[in-house]
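In what comes next, chain A is part of two complexes: it sits with chain B in the first one and with chain C in the second one.
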Partner chain A sequence: MSQTDTTLPRAQLARSARAEARARAIYRFRQSWLSVIGLAIAVVLVAVALLAPWILPYPDDVTGAVNPAVAFQPPSAAHWFGTNSVGQDILTLVIYGSRISLLSGLTVIGLALIIGGALGVIAGWVGGWIDEVIMRITDLLLTIPSLILAMAVAAALGTGIWNMIIAITITWWPTYARLVRAEVAAKKQEQFVTASRVLGVGPMRLIGRHVLPNIVTPVVVKASLDVGFAILLVASLGFVGIGVKPPTPEWGTMLAEARNYMPQYWWTAIFPGTAIFLAVLAFNLLGDGLRDVLDPRTRR
Partner chain B sequence: MSTPLLKIEGLGHVYGARRGLFGTSPAFRALTGIDISIARGESFGLVGESGSGKTTLTRNILGLERPSEGHVLFDGHPVIDLGRGGERRLRRRMQIVFQDPQASLDPRMTIHDTIAEALVVHGPDLGIARSGYTRRVLDLLEAVGLGREHLYRHPHEFSGGQRQRINIARALAVEPELLILDEPTSALDVSVQADILNLLQRLQKELGLTYFFISHDLGVIRYTCDRVAVIERGRIVEQGPVAEIFDTPSQEYTRKLMDAIPDPDPDLSPLRRLG
Partner chain C sequence: MLWYVIRRLLLIIPTLLGLSVIVFAIARLLPGDPVGLAAGPNATPEVIASVAAEFGLDKPIPVQYWTYLTGLLQGDWGVSLFTRRPVAADLAEFVPATLELVIAALLIAVVVGIPLGLLAAIRRDGIFDYLTRTVSLGAIAMPRFFLGLLLQLAFAMALNWLPLSGRFPLIEFPPDRITGFYTVDALLIGDWHAFGLALQHLALPALALSLSPLATILRMMRASTIEVLQQDYILTERALGIPSWIILFKYTLRNAVSATLTVIGLYVSWLLGGTVLVETIFDWPGLGLYSTQAILGQDFMPVIGVTLVIAMIYLVTSVIVDILQAVLNPKVRLQ
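On to the complex of A and B.
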């Protein structure tokens, strides 16, 4: 800012500073082409999932229509990804499967973040016996493997996408509670928090304005990486047959079925497998890119 | 004589014993029988080594810790158990500038928001409306030698000296009467230290502030303070006017501290004498 413009109104000053910060963040993100690729794949996946009802080449296949006449067609102009054992179009199933995977992946992480984040803030800020109680429950839940709990829930309540999401969330939120608690407990001791406290700032504002913004980076990075892993877990559950109920197409389930027809009908496995791979990769790269953008102190 | 602005009587602080998995850690006595009285408008220095209890003392003065013995009176009233409103009133009258200028600024907040936070909390008491915050922040920045171009920057864009000016501006935002200066210059370059000390002296004169100046640097204390207390392992070992203490220190400990002051003449500096 030059020295002459001493009459600039506040709003204008604020906007230019903010715009500058945003421009810098975008620049930092674009510096790493891997994270741009991650973002691009993630955006495509989300767009495909949202637009699925309008872009499915064979919408009937999603609801379980069978076409034995065209079973095991290799990839062609009519069926880009080929067809499976009952003649369903694999491209259609993969596109629709993105809805299931993304929906469950994002929901699991969203719920885990809300539950784990809230409990982590309470434990880290309040401390004392409340901290002890919350963290012991957390430790306890961390001992249960997601896959086993999901199996138990499936056995008790039946298979289904929501039962699966609940089961995964139960085993996932403790990791957020731990991370957030550790971060909050550390930031609480920071001198700038003490300085604000001495200034008379109340606890809600201290947490909301000083503590949380300063722990966003590790939490968002973890969440972004975790969406990939959650998608992988959903596919794993589908693969072992306790995830989403057929005929709803799901990548893991498709892969499990394709196993029987390898290697001659390779396209039945390659395409859902690639979809899983791309989704997990995209969120991993995105997480790395976000780390660079969100931390203004990171210097390359 | 009028009520002293800050009166500390028989203050003692013991950090409680903790029971852990591997036995009990013993209680630690940080402060014993501290008596200090600071008059309005005075600069009072506190000298001591690291670990002598200076930080615990400031936390007690600020009401962030509950004293184990004795009490801290600010303008005749205790600084703890005030309730929400009482605490806010106290915060307005007593502020602190910490040693580490970087750690005491929120890295994610602009300078404007950092200083304006004081106004968000105390605006009504100070008679400043929301629309007047930026004007007031700018006035404060100018008072400490910064300007309009710094308003919307983040702390990492400043030098150590500038950051300390920002901390001072924030502390002054609430128009305090007592300013605790906890080693305000010891994290800074020598050349910058003098600037900050001069700024503090000018502000004191202009605003009629009372300073409680903590330092391990006797040169700084001599330059800025009227009276001084020497603290050693949680006890005040000597207290009096600066000239008196510096010219005729009665305690061995004080003499040792004084011998440690580097002389501007390199041949006379303690480091050289050691060699």
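On to the complex of A and C.
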């Protein structure tokens, strides 16, 4: 930025600085080939999920159609990933499962971000006993392993994708509340906030325009890493038999069913399992890459 | 130091109290019909009412909580709706099994992760460094239950080296209970045959559980070692001609491990939750399998019990980690 010509008009100067920062960020991201791989897998996953209705090889299978005549076919030209115990095409189920996993993973993190973020802002900004109450509840929830809490809530709410999303969100918001609170409380002490307040900027505008934009980086990095772990938690719930119920195809549920047919029919497990692995890996790599771009100080 | 430990341990009590309120509230306020499930699908209203009365579920929730809490303090953790056994007795049976698994996994993770992390840091940006970094990224993303399944496929089904599941062969008697840890009990009574069997059963589940913490510890160890190696005092020691292995083991290791220790402490809670999946895959009779069955049956006394036990283990571990930090690093003051 030091090389920019200071005689340029202010707007143009700002634009060129921004363009330069963006170019630098893209450069940093592309430097790490692992993040590029992560991005590539994530893009493919999202594309597959969006295009699912048009690319399913056997669309009837996702609505519970069975075809016992072709049960347990090994991978072949007709069934790339083989078929399961009732003759459904595993590729079809894995493709459709990406919709469930991505939808629930992204929704959980979005909701957790909104709920945890709002509570974190309140706790960090208002302070006092409100801060104490919110943070003590947060601490308590964080001592319960998230899988067990999510399982208990999901089991009580009953099956279904939205009940599962609610259950996982309940276990996830505290981490965001804690992060946002710490960031807001730190920013509140900074001089630009005091200065704005002296100038008569109201609290809503102060938080929305001056504090929140300054704490976006750590939150975005955490959120992108968390999408992968949320997908993992969704699959884990499916695996223990809570969450989405058949015939809706879900990767974890498919894997749980495949356990009964090991080792002869290995393909019933390998493909959904690999799908979970790749989805989690993609968002982990993406999150790591984003951290390098947005917060170069934490590199290596 | 002693006062600090006592104060920290005393602080666990209000935390557990708060936790019991939250878990109890979640268990009772959520929709769901545990009584109906326990009484069976064909139960008449009279039967349902008598089951509800038997477990005190017909009283108001604050009264139920008070009954539970006073019972808890007397060692009565409630009764499972399904096994009709006291939860405390069930826990006494399942806690050692889970702890054995978690401790074994943590041991593998520490014993393998720390040296590998150290090595990766010394040979920074070398082939070994890239290899471990790539593999550990994959290891963190690997679902434990899928890994468990793959291990079973490879070592139990294809190669037939290790048992598929369980904690001990069904046809043999496990070693007499002293600690509840089969491996430890077998060693204590000097039964090498039983020790071998227990270890064989422990190997795969412990491995499946250890991979993710192993990768995290490796990455953390690598990062903190690199940071320590860049300190001025290390440069001074190099300039003084002190051999690199002395610099590494005497001056670097201790500081690097101290940072990694925090991560290890945090992982205990994750491991205790993670046992749910690994125990399901390997039919390991521990807290995870117990709580899964209880949760699926909406049998909430065991769920509350398991949650409190896990929270207690987690809180005690964090006290131990803080103490170890202070022992390793004199800069950390306990107050």
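Everything below uses one rule, namely that the second predicted complex is superposed on the first by the 246 of 300 C-alpha atoms of A that agree within 3 Å, B and C clash if a C-alpha of one lies under 4 Å from a C-alpha of the other, contacts with A are read in each partner's own complex, and residues count from 1 in each chain.
We adopt the following convention: a residue touches a chain if its C-beta (ideal position, glycine included) is under 8 Å from a C-beta of that chain, and two chains touch if they have at least 3 such contacts.
In this text, all values refer to a predicted model and were calculated from it rather than measured experimentally.
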So, does A:Leu141 touch the first partner chain B, the second partner chain C, both, or neither?
second
Thinking of the overlay built on chain A, is A:Ala69 touched by chain B (first), by chain C (second), by both, or by neither?
neither
Under the stated touch criterion, which partner chain does A:Val198 make contact with: chain B (first), chain C (second), both, or neither?
first
In the overlaid three-chain picture, which partner chain does A:Arg259 touch, first (chain B) or second (chain C), both, or neither?
second
For A:Glu190, decide between first (touching chain B), second (touching chain C), both and neither.
first
State whether A:His210 touches chain B only (first), chain C only (second), both chains, or neither.
first
The chain contacting more residues of chain A, comparing chain B with chain C, is C
Identify the partner contact of A:Ala77: answer first if only chain B is touched, second if only chain C is, both if each is, neither if none is.
neither
Touching chain C in the complex, chain A uses residues 34, 136-137, 139-141, 143-149, 151-153, 155-158, 228, 232, 235-236, 239-242, 252, 255, 258-259, 262-263, 266, 269, 273-274, 276-277, 280-281, 284-285, 288, 300
Please output the residues of chain B touching chain A within their complex, sorted ascending.
62, 64, 87-88, 91-92, 95-96, 98, 100, 103-110, 112, 117-118, 120-122, 134, 148-149, 151-154, 156, 167, 170, 174
Per the contact definition, I'd like the list of chain A residues that touch chain B in the complex.
1, 3, 6, 10, 13-14, 16-18, 190-192, 194-202, 205, 209-210, 213-214, 296-297
Touching residues (chain side chain C, partner chain A) in the complex:
15, 18-19, 22-23, 26-27, 30-32, 134, 137-138, 140-143, 145-146, 149-150, 152-153, 157-158, 223, 226, 269-270, 272-274, 276-277, 280-281, 291-292, 295-296, 298, 300, 303, 306-307, 310-311, 314-315
